[in-house]
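Okay, so subunit A shows up in both of these, paired with subunit B first and subunit C after.
Right after this comes the complex of A and B.
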């Protein structure tokens, strides 16, 4: 027990991005991730938390106690022998079935969504300097034009970070945009509308400030430098979160970005509520104003997200997801997507997840048929 | 080791396909070869709601800048929205095989009604 305590206390306080882990008392992503805004590789503390608080112990004999689990949380089940290098491997794949049961329209396939190798160099007290390279495979989206020559093996993120003090750090390189709640569902309207999906990383300079009861991120970005300059979304974003009643977080985000053809202004407010014992509620509501260079569009879309994570026992989370999207707030048409899910961390390093989605669009005088889809997901990391 | 990492860092390639990859085609300057007053708005609706898939993958809808191209492709029958495949496959029609666009939000009433108007008043 003493060793877990030492690990939790002295190994870098800086964790895979599950915003709902506020239900375990983690208000800041920096606790468990190298990236203070979550996502990407877990730090040592995050790996120990994953092994000793998140993952089920169903697969282990009783002789394996929490202390052993903590020791086994390192790369290839070993405790690191040095302090400056960390390596990780991460895989996520799922079977997606659209229109299940339909003789005409059922479409089922397995998608290898992510296979990443991660190298982290870190130096100084509390990992003052970090250098993160996250390289691997991700498929091109299904809507990508046939014949597009874009590699499916690429850097998901690479950045360096320096914490001048425990409360202030600067990060530079390719990283996710700082905006709203970073849920893992990259089709979520709250991520698609402001263009903050899994492929929308940008070359950026990000400042992170951690206060006693608040957290601030300010980011300036020059777009994805691998793209041609006319397509790069250049801009800035800011997110502020405040801790309320010691265990919850409320926040607000704003992001302005543009390329030669498109201007976007997105803003949202969100809340992450800790229901304790690992359970939580996430909510976000926001809007995106979109102006196109050829005058085809000048509209404001509205999006909302509500997710609940209920943890009846260790390793298991019952999920519910409700999303709302209105493409143009001057029109009464809107789309609702909702559904239940279950997330099971069978052991450390192994997450199994099932989600069911129902989507339906409504107009003042009509509505579409129900559209159903389910996902069965496997997530493994070493 | 340090130099190896720096080299990897500098040489590592980024994914260049993201939410903005099609912006030039969708939102860039466009010259339309059509005098039909309903065409321009219909063009932009299709650009915004359809071409992310119907461009190169199945079709080349982004290049259709006149009514005649839609007719030639057999997707629109002049004056007959009810039998035009383009209209028939849109989810708003409520038919079992009508599932476009899949996954995302359906066309709004205003968007759908304009496409019907465009085909009905085809010039």
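Right after this comes the complex of A and C.
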């Protein structure tokens, strides 16, 4: 079980969160998600945005205008008949090819990464009370030995939230950690290093404060209670973002967590820049200070992320994903992962995506060939 | 709209029996016949009703230039005093009361306004002709505004024409140039050979800086350019085939050269963010030392390589940020770079 959770942390690829949509003018995740820090189910407004601003209209006849698209954005293409219940289904799968073109080492596989059923209960003015359950399929990593008994069906998140005022809300339950930019790539060093990636959800109490030009999240967490107690990463995190020049965001995060074997202190600063008409730049730089029980692997790792998005026309995003990782800042060795990608929202419920990853190692004492990988991803939601 | 105008015009002018032929042709939608009759004898003294039919036919046939002449003729022929009075009032910035002017005259101004608009919409390139026609378009727009005639429609149509003029301006290619500084990484290949014909491949991974700039032409949508820079950096190499030769390793080997080539990109946002391709050549000089083991030598790959790269650029006024990721043509190595630049 311990191994599985550790591996889940390092193998997962993607979640449902698009910080780059600041390029459409959305500075806060709360606009489109029930979770004020993004990810998980979209709210009604988010679904309308995905239908009328994000998705291509290539599949629709001209008679279908934006208003019709908005009405069709509900579950099973219908406008909800009541205000208190929302259901969603979400599927994500991809073909991953490692070492493409190599006659000896090429390895290709289709992975059903995610199949979630989501139930959201919401009550009160402006949905001031929400209850979110996100249960579904998450595959065991390929490194898990065959025959290991562990369910591939589990709750990805379940929490309740109450907004005392539009500017202040409390959320309690299993949810993502509040730290840094929640990018789509969950192999991103900036997510893996602080242990804030796809399967690092924790049982937590989170406070969200939304100011005129700033946003604050404070979270205390007791680890994932489905893990054995010695593995649970308990701690706290905080993230502050400030709007600058009306359309951009800069922020900083800090997180301290520990279990019986490991103590982590992560901190980062980030920026999300709106380059207009859907184009944007995301950047984050930070460090994770790791202390192990016996001191044998105490290190400070440094990570950096630069993601650039260009939207030539509606539905299509060209992106560059540039990452830096130095496992130990006292060493000169580091890795740069660089890759172009294309993201195409063929329609409001269908996302197709291709990513190429080139990983290059830099070391004063060696020089190796780059490693390559590409992903072809399908994401469908209802 | 054209039909309404025709109806209004006919209603406001007195009917004339001699316009019967034109009327029949218009009813039969034989606009060519009306136009041809007019073109064959433009100087004939046509009645007002005939001129209105001719105008209608010309507009239907998209002969807007002739239509403006016709409408000016109608104004001069039928409303010289009112026209002069109105122009003088506008010139003196006096308040104009639309009720003092006949509806038929206002319709003629509307025809002139929209015909000049359609003429402008017909231009595919910006030129002095556009400027000239726009002067009249603006004048008749101003007259209609003063008369408070079809105000909403005038504003909307004005916006359409302004957008087209902006489009024509945006289409013009302008010369641009900039300087840039990039942090880059590129690779070189080499091999170690021994006297018995055996060999092992080597990869040199370099990192460094490239200082240079670009120059090219761009309009609102596309950019074509040539860029170049001087690169300087260093890299390391190590042999991993220990069975072949033991411990061939070098660090911080200096490398220098140039990178230059053409590129094309598409501008995708109002802030001039762009995405495109480049086809640069990289000429890089880097000297590997001969192995100390006797019988071994180094064979370096060509110093000249050609790269196909994806290029993207984000503009912040004059400053920009750019990234580039390329694959060597017919080789396995890659090149990448990111940096800043400034237009001047």
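Following the convention adopted for this analysis, the second predicted complex is superposed on the first by the 360 of 382 C-alpha atoms of A that agree within 3 Å, B and C clash if a C-alpha of one lies under 4 Å from a C-alpha of the other, contacts with A are read in each partner's own complex, and residues count from 1 in each chain.
Note that contacts are C-beta pairs under 8 Å (C-beta built on N, C-alpha and C of every residue); 3 or more make two chains touch, one makes a residue touch a chain.
Everything numeric in this text was worked out from a predicted model, so none of it was measured.
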| item | value |
| --- | --- |
| Contacts of A:296 with subunit B and subunit C, given as first, second, both or neither | first |
| Which superposed partner A:306 touches (first subunit B, second subunit C, both, neither) | second |
| Subunit A residues touched - subunit C or subunit B, whichever exceeds | B |
| Partner chain(s) touched by A:165 [first = subunit B, second = subunit C, both, neither] | neither |
| Contacts of A:368 with subunit B and subunit C, given as first, second, both or neither | both |
| Touching partner for A:276 - first (subunit B), second (subunit C), both, neither | second |
| Overlapping contact positions on subunit A, where the subunit C interface meets the subunit B interface | 361, 363-366, 368-369 |
| Complex contact set, residues of subunit C against subunit A | 185, 187, 202-205, 207, 235-238, 240, 249, 251-252, 266, 268-271, 273-275, 310, 312, 314, 321, 323, 325, 332-334, 336, 338 |
| Residues of subunit B touching subunit A in the complex | 5, 8-9, 12-24, 26-30, 44, 47-48, 52-53, 55-57, 91-92, 94, 96-97, 99, 102-106, 108-110 |
| Parts of subunit A lying in touch with subunit B, wherever the complex brings them together | 98-99, 104-105, 119, 121, 131, 133, 135, 138, 140-148, 150-151, 153-156, 158, 173-174, 187, 192, 195, 197, 199-201, 203, 224-227, 230-233, 259-262, 292-294, 296-297, 325, 327-328, 331-335, 359, 361, 363-366, 368-369, 371, 373 |
| Complex interface listing, subunit A residues touching subunit C | 273, 275-279, 281, 306, 308, 310-313, 318, 320, 322, 336, 338-340, 358, 360-370 |
